[in-house]
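Next up: some structures, all given as structure tokens.
You will see subunit A twice below: alongside subunit B first, and alongside subunit C after that.
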Partner chain A sequence: MRGKIGFFRWFIGFFLLFLYAPAMLLPIFAFNASSIVSFPLTGFTTEWFLVLFTNETLHLAARNSLLIAITTAIFSTLLAVLAARASTRFSFFGRRSIMGFVMLPMVLPEIIIGVSLLVVIIQMGFELSLWSITMGHILICTPFCIAILSSAFMNLDKSLEEASFDLGQTRWNTFWLVIFPLVMPGIVASLLIAFTISLDEFIIAFFLAGTEPTLPVYIWGQLRFPAKLPSLMALGTVLLLVSIGLLLIADYFRRRGIRKTGIENTGGFL
Partner chain B sequence: MTLPIIRLSGLDKFYGEFQALSQINLDIKTGEFFSLLGPSGCGKTTLLRAIAGFETLSSGSLQIDGLSMEGVPANKRPTNMVFQSYAIFPHMSVAENVAYGLKARKLPKVEIKARVAEAIDMVGLQGFDERASHALSGGQRQRVALARALVLKPRVLLLDEPLSALDKKLREQMQSELRRLQRAVGITFVLVTHDQEEALTMSDRIAVMFDGKIAQVASPQILYGKPSTRKVAAFIGMMNFLDAKVLAASGDNVEVEVQSLGKLTLSLEQATGGLNGCDSVGVRPEMLTILTGSQTSEREIEAEVTEVSYYGDMTYYDVKFPSKEDPITVTMRNTAGREVLEVGAKARVGWSTSSLLLLK
Partner chain C sequence: MVGFQKWRRSESAQGLFLISPTLCFALLLLAVPLVMVAALSFWTQDYLTLDRTFTTANYVTAWTEPMYQYLMARSLKISIFVTVATVFLAYPVAYFISFHVAPKRKAMWIFLITIPFWTSYLMRIFLWKVILGYNGVVNGSLMGLGVIEQPLSFILYNQNAVVLTLAHAWVPFAILPIFVALERVDRSLIEAAEDLGDSRLRRFLRVTLPLSMPGVIAATIIVFIPTIGDYVTPRLVGGPNGLMISNMIELQFKKANNAPLGAALAISAMGIVTFFALVFLWMNRKYVRGPS
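Moving on, here comes the complex of A and B:
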């Protein structure tokens, strides 16, 4: 019995170490004074962060990424609201299989999606641009948004809608006065998740990028130059903090939504 | 004298092949407390939702206040509903919930405020106006749901099993309160319930439903005292049944041969659902007496006690009649000095021919 518990303690310890130690190296080397990424550490500096402020190409890539991430978040959430609403409230022919196909990109290898989108876009004679990346991102983000929003819509008691209608309100106003405020936390969570996924997505962006790279594509390009490595560490640190921050905010809204509708909290990422 | 507030005629409702309601004909009078009573799946909730406008009819007509409701959506009907789950808007305060329907009607703010305050008072929630609705107890939610519907002064208030989620004590309290409220506002209440006791204590009239059909519509006393079929009799309260065979009928008298009790002459009135097809005789447990000492009764029969359930104020006996397999239940009030019999004891059961019902 004791031996077993000991084993699991070690197992969990190593598991967490392997999971987080590499990410922890990012901030460590981001503040290291040496331009060579290796131990021992030589001293503390914020130089690498300052480099980020003056790099024009980086700014352009960051701007591209933000543009794509915001557009993706809005469109994926919009599509997901419609899909989640339809699949939870109405029953129609082939609902299960349609939802299955909609959710499929979640498990499809991104490289397959990337390659096939590239072939289709080239064949149709379109230019590769930020738009092509955005469309690819919407495709892979929408299933995640649907998963989040489906549970938000499912938790909604149908009689709330009926009550609103019964009390003399129109269907349109019922949506804005009752349904929307109650699924709002789900919508916020969905926006943030889609934003986060799109922001650091590499494979599709790599395949579909024209002349304008996104942030992850830019980072990948810079890896060829060892001298740039410490500033990439600094950039990675910033991205890590932004991602964790967004996930925390998303989960906060999810929990608040659950509290509002008065349902026991089950699961969630944090 | 007045027109019925609700008139249902020839109403059918199909879900695919399944017929949820069949040929419902029903008039509900203005200002009455009307209950739809039946086991789950009998169509009572479907009927209520059809009146509210949440279900479309397959055929037949529905009139409210003399107007056909065909094509009239729920938000344009003069009815309001109290939902089984109460459906209190969780993101709004008590006052905002109550004001919801008034705001939909775009009434002036001053009037909304006054009417909301009045409605909150009426259901006894003074001081709870600003309370968040998720911080309310079950009973309080129920009151908010009532206030929210009644504040609109509907012609008909529809209640879908409003008390089923409450515990027994609170349920009994809310029963009398609902009754009081209904008398005070004078609005027609239509209540759906599967609880026969609830229906009996609250209603002016009750419609008993089985399998999408209305079996009987009557006042609580008539429903209990003169149920029209064996099924209704068994659903409302307890009823003992004995096999019976109609031998002859002449004028007002019916000659019957009853299991254990022998040949009897009953009055035609005792065949509450008509004489056709009658094959059993029913008698309520409280109409039978276990005779002690020198007590006598119009008729007597020897029986053996097979089960005793003591309830404090009452004792429920199961007794075995000669030539009948199933036990007969007799309930006795435990008055002073009355001895509780034990299992296996011989008992003289007193009965009278007038307490029997001839049923099909």
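Moving on, here comes the complex of A and C:
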């Protein structure tokens, strides 16, 4: 038994090192004084973070990304609430194929989604804009939101709803007074996940970006200039902290939701 | 009319009504665009205008031109390598979390494994370049330890680097379904096998592995299909010999201004991966007997 556990320890150790290698290097180079991103380290500086505060193009890209991410989070969660509620509560004609189709973007290569939306936008004579990116993001985020919300809706006890009907509440009131509070944590988790995915999405944004860049498109442009790399590392560190912060909040809400419905916590996200 | 009224109140109608906005959105932004790409692949680009007469010329080019054949074969090879590497890496980790981690800590471990996935996608790939590069972390540490005298040059700007970077990006997606499948394995079956005298290895091969196959299959599909569409990883760490079909699709749509050929390449690539995925599923059904 010991030998087996020992092997696992080593394997898991190496695996975690492999998994975290890039994420660990990010803050190291962000605080490194040298303007070349490589070892050996030369000293400590916060200069690269200060550069971020004065970069106008970066601020514009960040604003675009935030706008897209917030819109995406709201709309994909709305669409996902409808789909998750429909698929968990009702059995209807073609449920499995409809759900399979709606979840398809999860396994479809992003380049296919990017290309096909580009073709439609150009054929229809629309201009590429932040809206086109938002549409693409809603499409790819919705399946993730459905995955989260389905488990939230599935854990609902149907008798609570029936009790509400028996006590004379309308369908609308039942939804707002009984169902909504119970799935609220799932909704918050879904909003945050969609926001985080959209904020970081590059492939679709790159295909559909018109003249206004999003944050990842801006980063892609800067990767070519070695002099810009240290400040990109600083930017990456900030983004990493924001993502982890949002995910911790999302996870907190997910756990709270699970506690509310009185089921044992067994898994993580997705 | 009465029939319609009755149907309107039925479960089926309520469900369909609820899901209709999501379905319409997906139809408008997924089905319609995919159909248009398919249509485009049968047209011809005539400088700035499109010639809309039906032709299969783009497919003939996509399937006979040696460069495209070569790129397609390489992309497929890389995707298969990435999938195999990812699943082999993911299975022990999922097994460890499911069988050797205390139930209370499992959620934390899953969270731990998904965190690196949320580092900026571009940064992650770029940092692999820093790790594997000529003056990179790996070469630096190996030279510092005195293992090698000259920096290794075969670790960056080739297909190995692409496989490694993609495997890193996809491994959380492979761990999750395998973990879920392992969690569903009834522990008493393993105990029964033990009582009947099976060794640990036999128990694993005859009970745990077959019962967790649905997770392995899901992981394979989840990794294999999207991998073929990545064009950032090959661009950043692949070097000239590591480029994949997606880089060519991107080129055709943007700089080369031949969208119909790009569409034909994209559809061909999708067709090929779907075909391979289906063959894989079929083989699994035939040769590996999972739970029915």
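Note that the second predicted complex is superposed on the first by the 262 of 270 C-alpha atoms of A that agree within 3 Å, B and C clash if a C-alpha of one lies under 4 Å from a C-alpha of the other, contacts with A are read in each partner's own complex, and residues count from 1 in each chain.
Operating definition for what follows: a residue touches a chain if its C-beta (ideal position, glycine included) is under 8 Å from a C-beta of that chain, and two chains touch if they have at least 3 such contacts.
Note that the structure is a prediction, hence the values are computed from the model and not measured.
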{"item": "Which of subunit B and subunit C A:Asp157 touches, first, second, both or neither", "value": "first"}
{"item": "Partner chain in contact with A:Leu167 - subunit B first, subunit C second, else both or neither", "value": "first"}
{"item": "Subunit B versus subunit C as contact partner of A:Ala205, first or second or both or neither", "value": "neither"}
{"item": "Touched partner set for A:Val178, first subunit B, second subunit C, both or neither", "value": "first"}
{"item": "Touched partner set for A:Cys145, first subunit B, second subunit C, both or neither", "value": "neither"}
{"item": "If touched residues of subunit A are counted for subunit B and for subunit C, the larger one", "value": "C"}
{"item": "Which superposed partner A:Ala62 touches (first subunit B, second subunit C, both, neither)", "value": "neither"}
{"item": "First (subunit B), second (subunit C), both or neither touched by A:Glu110", "value": "second"}
{"item": "Residues of subunit C defined as touching subunit A within the complex", "value": "11-16, 18-19, 21-23, 25-26, 29-34, 36-37, 40, 89, 92-93, 96, 100, 103, 106-107, 109-116, 118-124, 126-128, 130-131, 133, 135-137, 140, 168, 171, 176, 179-180, 183, 200, 221-222, 225-232, 236, 246, 249-250, 253, 259, 262-263, 266, 269-270"}
{"item": "Parts of subunit A lying in touch with subunit B, wherever the complex brings them together", "value": "157, 159-160, 162-170, 173, 177-178, 181-182, 259-262"}
{"item": "Of subunit B, residues touching subunit A in the complex", "value": "52-54, 73-76, 79-81, 83-85, 87, 89-91, 100-101, 104-105, 134, 148-149, 152"}
{"item": "Subunit A - residues contacting subunit C, complex", "value": "4-5, 8, 11-12, 15-16, 18-23, 25-26, 29, 37-40, 79-80, 82-83, 85-87, 89-93, 95, 98, 101-102, 104-113, 115-120, 122-123, 135-136, 138-139, 142, 196, 200-203, 207, 216, 219-220, 223, 232-233, 236, 239-240, 243-244, 247, 251, 255, 265-270"}
